[in-house]
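By letter and in written order, the chains are A, B, C and D; residue numbering begins at 1 in each of them.
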Amino acid sequence: MTAGHTTGHSSESVPGPVPGPARPLTMAGVSKSFGSVHALVEADFELAAGEVHGLVGGNGAGKTTLMNVLYGLYRPDSGEIRVDGREAHIRSPRDAIEHGIGMVHQHLLQVSTYSVVENVVLGTGKDAGGLRDAARRITELSDQFGLAVDPRARTDRLSVGARQRVEILKVLYRGARILILDEPTSSLTPQEVDDLFASLRGIVAEGTSVVFISHKVREVMAICGRISVMRDGRRLTTVHRSETDATGLASLMVGELAAEQSSDVAAALGLAAVGEVVPEEPAAPVPARAGGPARLTVSDLVVPSDQGVAAVRGVDLAVRAGEVLGVAGVAGNGQVELAEALAGVRPAQSGSVRVDGTDLVGRQTRHWLTAGVAYVPEDRHRDGILGAASVTDNLLLGAQRSSAYRRGGLIDWRRVREHARTTIETYSIKTPGPDAPAGNLSGGNIQRLVLARAFDREPTVLVLQNPTRGLDLRSAQFVYDRVHEARDRGCAVVLISEDLDELSLLADRMVVLYSGEVVGERARGDYDAYELGRLMAGVREDA
Amino acid sequence: MSAPVLTEPDALAPARPSMAARVIRGVLPYVLALVLAFVVAGIVIAALGYDPIEAFRTILTTSFKTGFGFTETLTKWVPLTLLALGFTIPLAVGRFNIGGEGQLLVGATAAAGVGIVYADLPSAVLLPMVIVAGVLAGVVWAGIAALLMGRFHVNEILSTVLLNFVSFQVLDYAATEVWSDPAAGVAATQGVGEGAELPTIGGPPGVHAGLLLAGAVALATILVTRRTSAGFELRAAGTNPRAAAINGIRVERVAVIALIVGGALGGLAGALEVSGVHGRAIEGMQTNFLLLGIIIGLIARGSAVWVPVVAFGIAILEVGASSMQRTVGVPAEMVLIIEALILIFLLLSDVIAGRLARRVA
Amino acid sequence: MNEFAVLAQLTVVAMVPYLLASLGTMLGGLAGVFSVSQEGVMLLGASVGFLVSYGTGSSTVGILVAAAVGALFGFALGWATTALRLDQFVVGLALFFAATGLAGLLYRIVIGQTATTPLVDTLPRVEIPLLKDIPLLGTALFSHNVLVYFAALVTVGLWFFLYRTRAGLNLRSVGENPKAADSLGIPVVRTRLWTTAVGGALMGVAGAFLPLVYTGTFTEGIVGGRGWLAIALTFFGGWRPQYIAAGALFFATMDVVALRAEVSGIDIPSQVLLVIPYVATLVVMVFAFRWARVPEFLGKNYDRESRTG
Amino acid sequence: GSDGGDSGDSGGGGGSGSGDAPRIAAVFSGTTTDADYTFLGLEALQAAEEDHGAEVTYSESVQVPDAERVLREYVADGYNVVWTHGSQFYDATVAVAEEAPDVVFIAEQDTEPADVPENVWVLDRNFHLAFYPLGVLAAAASESGNIAYLGGVTLPFSYSEVHAVEQALEDSGSDATFTPVWTGDFNDPTKAQQFASQLLADGNDVVLTSLNLGAVGAFEAVGDAAPGVLMTAKYTDKSNLSADHYLTSVLYDFSVMLDEILTSIEDGETGGYLGMSYEQGISLQTPQNVDQAVIDEVNGIVEQLASGEIEVERDVTPVE
């Protein structure tokens, strides 16, 4: 490929692209189990030269596992990998890199104390040369592929979106003939996605093959030629884009979708353009629902970031019972700080957050919980669960002092387990059992768990941030349904999301957050994508 | 530094496969490991020209052959269990209490001080005072580290290690300047009053009644960690501090309290050594209780249930191994090497167990 | 020599064993392996360093063998915690016991029971021409045995390696985020193996320093807790060579100053003077070193396929 | 007592006694390789083996908290003379002695204790007696008039040594400055080296060490000192540590004491008090690196001590 010096592979071990029918990559009969979980069952996969190959399927279908096997991160129980027609023994990422394989991982893999350039050059070459050349090269790549990022910035000071771009830059910098992108778009804005696709088209034009994993049908249909669908650890089928349509692909991905496909699903699929999705029953009379008193009132809220600078600067909000307030914005404009401050997790510097009239600023998190505030954090692995603890433990978390689960001063584990079992059932959490570690669940199921815990508290205020990121269609729909339920029960919902589809679908009203300030407010249906895009980019109302 | 996450895998599932089956499956690898350890250690002992069979007979039987061997083992079990718990409780929140030694010593010093100053008080008054003094001293000592950790983010390994060194001098000062006993022949305080001494149970020789107290503490720890919300919060905070905080748990406070509780147990161990064993505070009385306590805590994976069991095993090993000198004449250093071998093989038992489990699955 | 020069010289010598052992601790720790066997490895280094010097008549050989034995123990820690993924703490403590036992046992086998203490010549002072004539600091800094210069070189060398080279960048990433490092082809296990081995070697040399500089012979209590202190000083120095050196210097200064106070016959109980270095270190930690952080994955074993650990 | 049955094997020195030969077990706090206090114990055991046909065994590196158990085990194994070498074991010895009236115990002390059980011999090491001549010697040998004492832990016996030296300085009319310091540890040679270096740098030209293994460090420090700077040792001959700066050592011989006790036991005595003195068990090594006149003077002092002409007060009050 053009981009990046090809540091990894030597020319003897990996001859140049083989012309003709030889496939740059075939995987056959790959099986992999984790304990009792059969993540891959005789899976196969084939990649042609110069194609963008979509890999889709529900959460836990085995996409990541398959690619991790290819990248040497997981050792398969059985199976064969051929690169350029020759059997490849890939035992570690290093072997994979030597075979010209690069991977953008589903979860950020960065040394957060390192700068961008340090993260990018890690493991490349032994040249002791300073990082200036590397930084220049990164800037070039950023420009070429529209992946704006400051090479000198420390990674942990960057927004999730920027960090995602760093992951892509890492692979581009190394150069690769086979490029695996595992949900690379989950933190990117639509514009960033378009830029990425443009880059990918350029890359494949040079003969590089790309595996593209996503849950967004629109994206897959937009960029991929062929699409392989995985289910239950197998490749179900491979279709060409021209042979199918969005709905057909969606059915393949998660099984037959019922005929009552709503606009929700359309949005979840990423089928509709922003702003087009007008709810079928806009009748659900927003004003009526929102007619009550303000449940959540935020005034002049200032919240510091981890670095101590104000990341939220004087925000005023009011959310009524039964209203969903959407907060739009590009990642890194204070969303995390706002969400955490609204949930009572991050102390505000000044201002007030009133729930049913009581100002909670300055109180301990547990007081916020008792006041009825529930929070669904953005990073569910890091902030949502006790990974090494059981599902049962996780469902109890936060309610351990509640009288519902205590008897005689002690935790009544029988009742807790009973409750866990019913919750697992009602929320359809896929787990080997209530005692399985929560960290082993798939993302969709972790999200169900987090939601179950949040709703268990019968919240009056619900704060969600990017609640469907990385979730498959069914799981996303599940989340939407729960949000609707909460709203209907009279909960005040704050939905902070970078996904405009999602916001358009769920929010009764939308504010745009830019640089820690609310720069615009729109009622449902009263905006278009361009207008929002301008606001999100910081163009002021009055400008 | 972040801790290895120690969960109690079986804490939440009191009713799963039959208890016996689980115990056997749990214990079998350890037995295998011990056998392996003995084989390897035996080879080393034989190579040095000593009788390995006799050496092992000593290790395994010293604790049971005579009444005082058993007494001695139980007597060692008390501080080992307390220090192991004092290590594992903070460890559950990912904090390392390396200060058990210092907490024991200041606890012993305070206990001895009270026992000397109020020597004439009757037992019913003095004994509780002595024990409370020890516990409080341990609390203060760990409290310093906890304060530095909670308020100033000073790493607790650093502070507890340094405080150990300070505690040596605290005891030294008390034993040589304040309540010096000129006849002791070692830096030791005077003896405490009779009322400060714990009654013995069983015997003769019998074990001091601190055994019951330590047993009660161990049971209470099991109860608290498994059945109370405080215990749940402790484990949650250790498993994922961020998620715990988001769900209303004050992680730093939990950690501070855990460290202080750990110190209290160390101080208690010191007080019991004074009022149950030595009748005074003596320089060197901590021996290697701290290191063994850490090892016990880690081998037991932080489980309050297993700590007393492992502590008993280690007490047998300690008592038996140090008797090997007497019975077979192996040099003192060999004892350490054999203990190290046994430890390493005990750890290997996890690997063995893991491999076995994988084979089964 | 004036008094300042004497004290400065004593301080420089006193900081060396702490410095070497702490740098050894740091090196493994930066790759994620936390050693707690310093006290034992130093004792073994002292024993072997002395015995080999005694047997061969060459302190150089003694130091090299002490380094090799330390490396072996470091490697054992690295291997057991990567290949077998055994708990770092327990393995470290087991190795502490083994090394402590071995140290005495080797002495017993080689020397045995004697009426007089066997001795070797301690390392001679090597004065650095010109530099040693600098007023005040000359003799304090440039009239020392080779191990002092070695420690200085190691400090600077490690700093340069860790913070100015790609290999150092790669190394540190293993202790910060082994999964990220692994995914970029950095060999996590190999890095942990060599850093623990080299770290162990430094601890071995730190141990050998004691008989070869302070006593000329090996005794059981020669390390006397310095290994445990090395752990504390590594935290004190925030796991960075330059601050570890500063921390060791500070600690040694406090130590020497406290000794000075006692020797001068000051009317303060010796126990109070003897705790000065420890208390001062804690106080400094509160006010000055609060930025200090530890490698993110310090003490954690890495399992490529695990998601929960 | 419960005779342990398995009499075949014995540890340490081995050797099997016959008939009513004593079976002696010793408990040491250090290792027999220390060329110091423990080694002296071993020598005494070996002499007993030779002279009294005793069967001997010992345990090394016994820590104070373990002492009682080890003693009980020896009693249970049928040893009839049990010796704890080191005053830190005194309490444990008395405790076990009370439980085993048929066994004779030998304990060490630095005082004449009260309430000693019938079956316990108390060996009083009388360190203050030993140190008195060192004071005289130091006064005579010091040119700078600065004398130091380097101790380990501020134990009462250590204070008695300091006071004995003070008494000697006073008796000999010396106006030397005397600085006692303690390293905090008898066995840390590194600390001892650092202390000694500073004492020497501070102008002290005679240093009296009262250490165990720490002494090697102190002597290393004196190695580079100017000629005329001298150091003394304790327990064993340590002249090889620094021949040029070696003054003398107060030598302790426990075989004499053990011999005497064993003989008394053979005569049916089961206990008593035995103070070590310049007649018995203590001797001053011939001073080196000083004039003959000084040597003669000190020898005279030693004779007077032995004959009781000079009385040294055992003063254990803390040194300020």
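One rule holds for everything that comes next: a contact is a pair of C-beta atoms (placed from the backbone, for glycine too) under 8 Å apart; a residue touches a chain by one contact, two chains touch by 3 or more.
Here the structure is a predicted model, which is why all the values come from computation and not from measurement.
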Contact-richer chain pair (by C-beta pairs counted) among A-B and C-D: C-D
Geometric centre distance via CA averages, chain B-chain A, whole Å: 46
Between chain B and chain D, centroid-to-centroid distance (C-alpha), Å: 35
For chain A paired with chain D, centre-to-centre distance based on mean C-alpha positions, whole Å: 75
Contacts with 2+ other chains: residues of chain D: 31, 61, 154, 184
Sequence positions of chain B contacting 2 or more other chains: 5, 169, 172, 176-177, 331-333
Junction residues of chain C - those touching two or more other chains: 104, 108, 271, 274, 296, 309
All chain pairs that touch each other: A-B, A-C, B-C, B-D, C-D
For the chain A and chain C complex, residues of the former touching the latter: 8, 34, 71, 73-75, 92-94, 96-98, 103, 105, 109-114, 118-119, 121-128, 170, 387-388, 437, 439-440
Residue numbers on chain A that touch chain B, as the complex places them: 35-36, 343, 345, 364-366, 368-369, 375, 377, 382-390, 392-393, 396-398, 400-401, 406, 409-411, 413, 416-417, 435, 453
Chain A-facing residues of chain B, complex: 5, 7, 12-14, 16, 223, 227-229, 232-233, 235-236, 239-240, 242-250, 361
Of all residues in chain D, those that touch chain C in their complex: 30-36, 39, 42-43, 61, 148, 154, 179, 181-182, 184-185, 187-191, 193-195, 197-199, 201-202, 213-214, 216-217, 220, 223, 236-238, 240-241, 320
Complex interface listing, chain B residues touching chain C: 1-5, 148, 152-155, 157-159, 161-166, 169-170, 172-173, 176-177, 291, 294-295, 298-299, 331-337, 339-341, 343-344, 347-348, 350-351
